[in-house]
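Each structure below is given as structure tokens.
Next come two complexes built around chain A: one with chain B, the other with chain C.
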Partner chain A sequence: MSYAGGNRGGTEAIVAAEALRAEQRTVHQRTLSVEAVLGALPEAVDRVMGEAGLWDEETAAVAFLQAAGDSAEAVHLLRAHRSTLTRFAFSEPIEPDAIVLDRRICSAHRSPDGPQLLGSTVDYSPRLLRRSGEPDPLPPNDELLAAMASAEARTSAEHPDRTPQRFTRYLAENNLLSPHSESGVDASGLEDPEPYDLALQPVRLPASRSALLSAMALAETGALVGMWYRSITGPDGYTDETVTVGEVRHGEVDLSVRHPHTGEALVIGQVRMTECEAIDHLNDRGEDPGKFTAGYGLALGHNERKAISMAALDSAAHRIRGTALGDEMEQSIMLTLDGLAANGFLEHLKMPHYVTFRSMMERAEAAQAVAVPPVSTEDDTREDYAE
Partner chain B sequence: MSTAAILDKLDHDAGARQNSPRPTVMDEQGKREVRRASLAAVAIPGHQVPFGSREMPVARGWGSGGLQVTLAVGGEDDTVKVIDQGDEEGVNAVNLRRLIRGALGCAGTGDTREATIVQSRHRIPEDRMRVGQTLVLQVPVSEPLRKVEKSVLECQRMHAEADYSRIWVAMYEELAVGGMITTGASYPVMVNHRYLMAPSPIPRWDIPRLNHSEHLTILCHGRDKKIYAVPPHTPVAPVVFDDVPFEVEHTPGSRCELCGSEDTYLVPVQGGNFLCSDVEWCSRVRHRDVDAVEHAALAPQQYYPDAARRQSLRTIGVSDPDRQALTVGGAQAQTALGPDGTRQEWSLKVSGLTKVYPGSWGSSEVVAAADVSFDVAPSEALGIIGESGSGKSTVMRCIIGDETASAGEVRLAGLEDGRRNVFDLDLSARRRLRIGTLAVVYQDPSHGLDMGISAGGNIAERLTAAGWRKYHEIRSRAAALLERVEVPLDRMDDVVGQFSGGMRQRVQIAKALATDPKVLLLDEPTTGLDASVAAGVLDLLRELLAERNIAVVVVSHDFSVVRALTDRAMVMHRGQVVETGLTDQLFADPHQAYTQRLVAAARS
Partner chain C sequence: MTHGENIAEGLALAESQAVIEVADRIVAGAESDGVVVHVVKPPETGIVVAQIREPLAQKRFILADVQTVQAEVEIAGVRGWSMRMGSDRHAAMASAVCEAEYFRNGPHRGQVQDLAAKTLRAREQKRAQQWRSLVPTIVEFEEVLERS
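On to the complex of A and B.
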């Protein structure tokens, strides 16, 4: 390898590195099919689609496989792929209340309208490693067996197929929802008639609510969760831990576009999505403590972590809009959460930089030549100041 | 039991375990560490004990702390009850009970009376817990100061010094602005009259049950790696002003639609109805298996909210006694005691104060103050005058404690009769001095005030730090002070950040005088204000000083300010005192060329 010696790959070494990777990849592809990835690793595929901003499960699985399970790399592949696609149409706004639910949780109410539909989740299972061939480390005990038996004995209740009332509607009916949350109007007063599309438009500050929501929907999931968590436990927190989840939903919605000639809305397919409403009491100074506010989060596929952190941050962003802290937060959301940007900038550090570094070195050497030591810095006197 | 029998039993138990192996959720070393931390927590009630919280098979936030405690203190012989929101069937409760029973091999129960350990999220059982039982509460936020202070280090300092005035100010602000406290669950409590504690988010309804309880309560926050405890028979009190009633959650006329209870913690269900949150209690009420009389006595009915009592909280008024307290000898003269037991003449004495800033790359060593000495008597005002960079503000900051002096002494009559050098005190003791002994008015009001809270709240901060605990007294005293400094009382509840510069300075002066300090330091009190506004503040200061037996140091670059306020003055130049004398004499007949320039500037 000539890379280490000359710190410049050379065409030959670059081609060899790519070939080595391609060889390993063929091994993977022989043992693991796209179907197997879709079947066994759906959460990974969903996350990649959400961060890429592209709904195509099969293509996302191909990317995930080609990236050897590196989700950042898979997102990169999909985003680059998206640039190759022509936009034929823009979809109509989806109707979240027409969702076909897989899962729905309302934490804020003991018995909300509609079911607490737990769906498929690991939330309630002990996280104990289970190797194949070994027995269940925590087999059902008498209590669970009894519960299972009584569940079998009971004829399962039929529920009409309808969308349960949103928790924000419940709050509104009880006159507890802030006018802003009820109307969904951007608190900054910025015009926001059309959703801001970050795939086609640059980031601009101040950002409208739809731009903030777009940036969070596309955000690297870990970065978004990290920002939310920092905002709670960090030294500069701008939200608190009193957010309550009014809704978490996962399900499928129809996607429709207008026919170019007839102008009619036609359903062209379905996407799965995760939605969240985060409820917060308006009990800061200057707010109306008789009301609650609601933040909104939506992620492609099944990604509750993203939807919940997004909703909590949306709520915080609107509560502190227009303050210095709010401006900082807005910039952080718009400019620091995109995985492709952050990872790309990090990757660039691995490129040769010896021209610029040479320039810095020359300045360091020049500084040594002109250096004037600090005046009178005897160490024995310094100790007195360090009390 | 014979040794052989014990060995037989051990073999038998081991055989039984072999047949139905239990999952190991936590290794023995980890359990021991949790037990040690729990004991430390019991030894210092309410104090957060850090421990090496292990990762559990449940998410951080799903009770990983409570689970560690139960696994560490529990064993095969225990009977464990696990509830979430008061319900055994909640997702968290089912999940954790399965893990606990599987890992400990212990019995489970829904009946509080049978349980040896109750692990709970968000509730204390309605039934009275008894001697020998342990309540393990899962904690999502262990730091009760978090809502008023984001810095972990500062929170630690506040706990160490029992400096909780910021919590009281937050309460004052809520009462003054909204007429009520808006904190829902997780209402802060004082444990054993010493530590402020977050009682896990149990509702306010449950807080009286922690007070002088018969059972042991261990609270654990797995994510933040903290354990704290309330041992049996420990006083636990919600943070509340002496004259403002604590309120629990209660909707008049509400009753459980299943069991009919009116004296339980009720949660809303569809159709405007309510249910008991404690499912076990609700079921036992229906089966007439409860001691209703005992429970009624335990229910916090004396704390039911009463809107009528809140009305007076927002009114602003100044009582005559408060007004008089401000003008009639608010501060008694106080002088130091000399070595021979005789009274000295000074309240503040500074000797040989020196401050040297060491050099570093790009900056050279600076002697900001060299061997500065002076003293000030009660009712006397001393001026320190000089240009910017002369060292006058450095002297001031060293006396206050904002900077550490390199050498010298500062003595206060209010501190051990002047026998103690202030510089020998630790930072905590120096901070305490500033509550009632030594007050400061800064040039920049944002250094002396919290711009995000009201004028009244800023004064309340000083008063609550000094131990005031009656809301109406605090409010009345704050109103009297604001009236005295001519801040319109209808602005008392506005945040100071909305005030003009002159108004902010008046609030700062009112705060500085709130606890009748014996020594007052004024650092460029009118610099930065318009000339006419500055003249008004100067007039006010002159009146206030004349009313009080207070020792004052005025630092200014402006001879006219020093002349308006002080009797004596010293002139500083490049860290040295170059001239001292009676202020009028210095002004009329300055000897040093530097002083002459300052006088000329003031006359122009």
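On to the complex of A and C.
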């Protein structure tokens, strides 16, 4: 901090405070292994990886443990670690259609191409707290048991493992999807421009869609959901609540790089991700009510809230691009959603501000010294203003 | 995909312990045969930038970085390179040794091929098993029949 050089003392207290924390937590953390965190708290680990912008489950679990479950602190640790790593290469562009699914929901259509695959979820279960060892408070009745047995009897032959067509393709085939304005060549005449690189390039406004998508993929989940919800119920009102989820998918994609000797692409591993397409009816003034538009959301790991809010905001940003509200929205996405930046600024308020505040006090005292006593008005006598 | 890429892929995905065991045999054999094993690039942990081609406008954006570890060796003048996800430096070194052995047609080439093939087969089997466990979670709506 900026005052560190100007203030002597306090080092002993800092060391003692860190030692106290270590003493309080080390015993428990020793008994909680990285494997246990990965097995029991995978969604927390996924969230940390997504907000840190680094995929490595084991390292993220180490950070989560060290941060004592404080996800913002874990993100800070992981980002700091990430900043020390050499950048070897760009992956081959990942095609989301190649996802190997373990969950797929289409809220827009009862029978889309491919299955409504619930996967592992508690979306449809009552939220009843259940302590370890306690019996199921809502055990399945005979009818449910029969249904479960019937489901278990299904075979892979009846339901082959394949990646279904995404719902936007169905809309496009039925001439119901407005072509995306970013399709084809861009303003520079490029069909496939390089993606915006937030790690190396400063934020510039107006932001490209590539930059907006990257910023949202890295965003703090709560901030992103909050921004989306504000756009629904808040004072801005720049999107509508009729957004429909065309796809929510969770699964695994291959990560490929070029072999430096052969030049061929090869798979080096898999990354899990959550994908969403949000569908909007173009029913605002000046739009084509015969068409829909769509937004895209993608989050590292399993994080459906993030993917859905990102998709809805991508669609909104696309629809209002170039307007005053659109400019504000782009600024908010690019400058306010990063958890590390926001939490860092907030946390810094705890650091010594003795000099700046002393300066403010002196200005306040000087202002008082030269101030003309205010003229009493009728409002000043109101009860609201009474001391 | 060429056969070489199949090998590199199988080695990148192989269990750490399995690839280290094969590499240890290769290095021991090379030493006893007087073959020089030279480390070109010691294992280093770094990142690969994961870029996505989003499906609506077919444009790329950056999703995140992926932690990886890479290494490069040379056996009898033939180079082997590896990149694996994570930070297991020992396994990265072992994968590079295996790849070099494969490309130089060394005496353990068959073991490298077997390991790569076994790894890729195990991956397919694991997915088939996972899909079987997912099938019961597919929604089958009941039809409401109209009375004629």
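Methods note: the second predicted complex is superposed on the first by the 339 of 387 C-alpha atoms of A that agree within 3 Å, B and C clash if a C-alpha of one lies under 4 Å from a C-alpha of the other, contacts with A are read in each partner's own complex, and residues count from 1 in each chain.
Everything that follows uses one rule, which is that contacts are C-beta pairs under 8 Å (C-beta built on N, C-alpha and C of every residue); 3 or more make two chains touch, one makes a residue touch a chain.
Treat the numbers as computed from the prediction; the structure is a model and nothing was measured.
Student: Can A:Thr168 be said to touch chain B (first), chain C (second), both, or neither?
Tutor: The second partner, chain C, only.
Student: Based on the superposed arrangement, let me know which partner A:Arg110 touches: chain B (first), chain C (second), both, or neither?
Tutor: A:Arg110 sits against chain B and chain C alike.
Student: Output check: A:Leu128 vs chain B and chain C. Expected answer is one of first, second, both, neither. What do you get?
Tutor: first
Student: Scan A:Pro352 for contacts with chain B and chain C and give back first, second, both or neither.
Tutor: It touches nothing on chain B or chain C.
Student: For A:Thr86, select first, second, both or neither according to whether it touches chain B, chain C, the two together, or no partner.
Tutor: Only chain C; A:Thr86 stays clear of chain B.
Student: Quick check on the superposed pair: does A:His261 touch chain B, chain C, both, or neither? Answer first, second, both or neither.
Tutor: Touch status of A:His261: second partner only.
Student: Who contacts more of chain A, chain B or chain C?
Tutor: The larger set of chain A residues in touch belongs to C.
Student: For A:Gly344, using the defined touch cut-off, is the partner it touches chain B, chain C, both, or neither? Pick first, second, both or neither.
Tutor: neither
Student: Considering only touches as defined above, state whether A:Leu118 meets chain B (first), chain C (second), both or neither.
Tutor: After superposition on chain A, A:Leu118 lies in contact with both partners, chain B and chain C.
Student: Where on chain A do the contacts with chain B and the contacts with chain C coincide?
Tutor: The overlap between the chain B and chain C interfaces on chain A comprises residues 110-111, 118.
Student: Quick check: in the complex, which residue numbers of chain A touch chain C?
Tutor: 49-50, 53-56, 58-59, 82, 85-91, 93-97, 100-102, 110-111, 115-120, 148, 151-152, 154-156, 158-159, 161, 166, 168, 180-183, 186, 192-199, 209-211, 213-214, 217-218, 255, 257, 259-262, 264-269, 271, 273, 277, 294-296, 298, 300
Student: Spell out the residues on chain B that touch chain A in their complex, using ranges where they run on.
Tutor: Answer in residue numbers: 23, 25, 56-59, 62, 85, 91, 94-95, 97-99, 101-102, 108, 140-141, 146-147, 150-152, 173, 177-178, 182-184, 267-270, 275, 277, 356-365, 404, 406-407, 452-453, 495.
Student: Going by the contact rule at the top, pick out the chain C residues touching chain A in the complex.
Tutor: For this pair, the touching residues of chain C are 1-2, 4-5, 8-9, 12-13, 44-68, 70, 79, 81, 83-87, 127-128, 130-132, 134-139, 141.
Student: State the interface residues of chain A toward chain B in the complex, per the touch definition above.
Tutor: Touching chain B: residues 109-113, 118, 123-128, 137-141, 143-144, 234-237, 240-242, 281, 283, 285, 289, 374-377, 381-382, 384-385, 387 of chain A.
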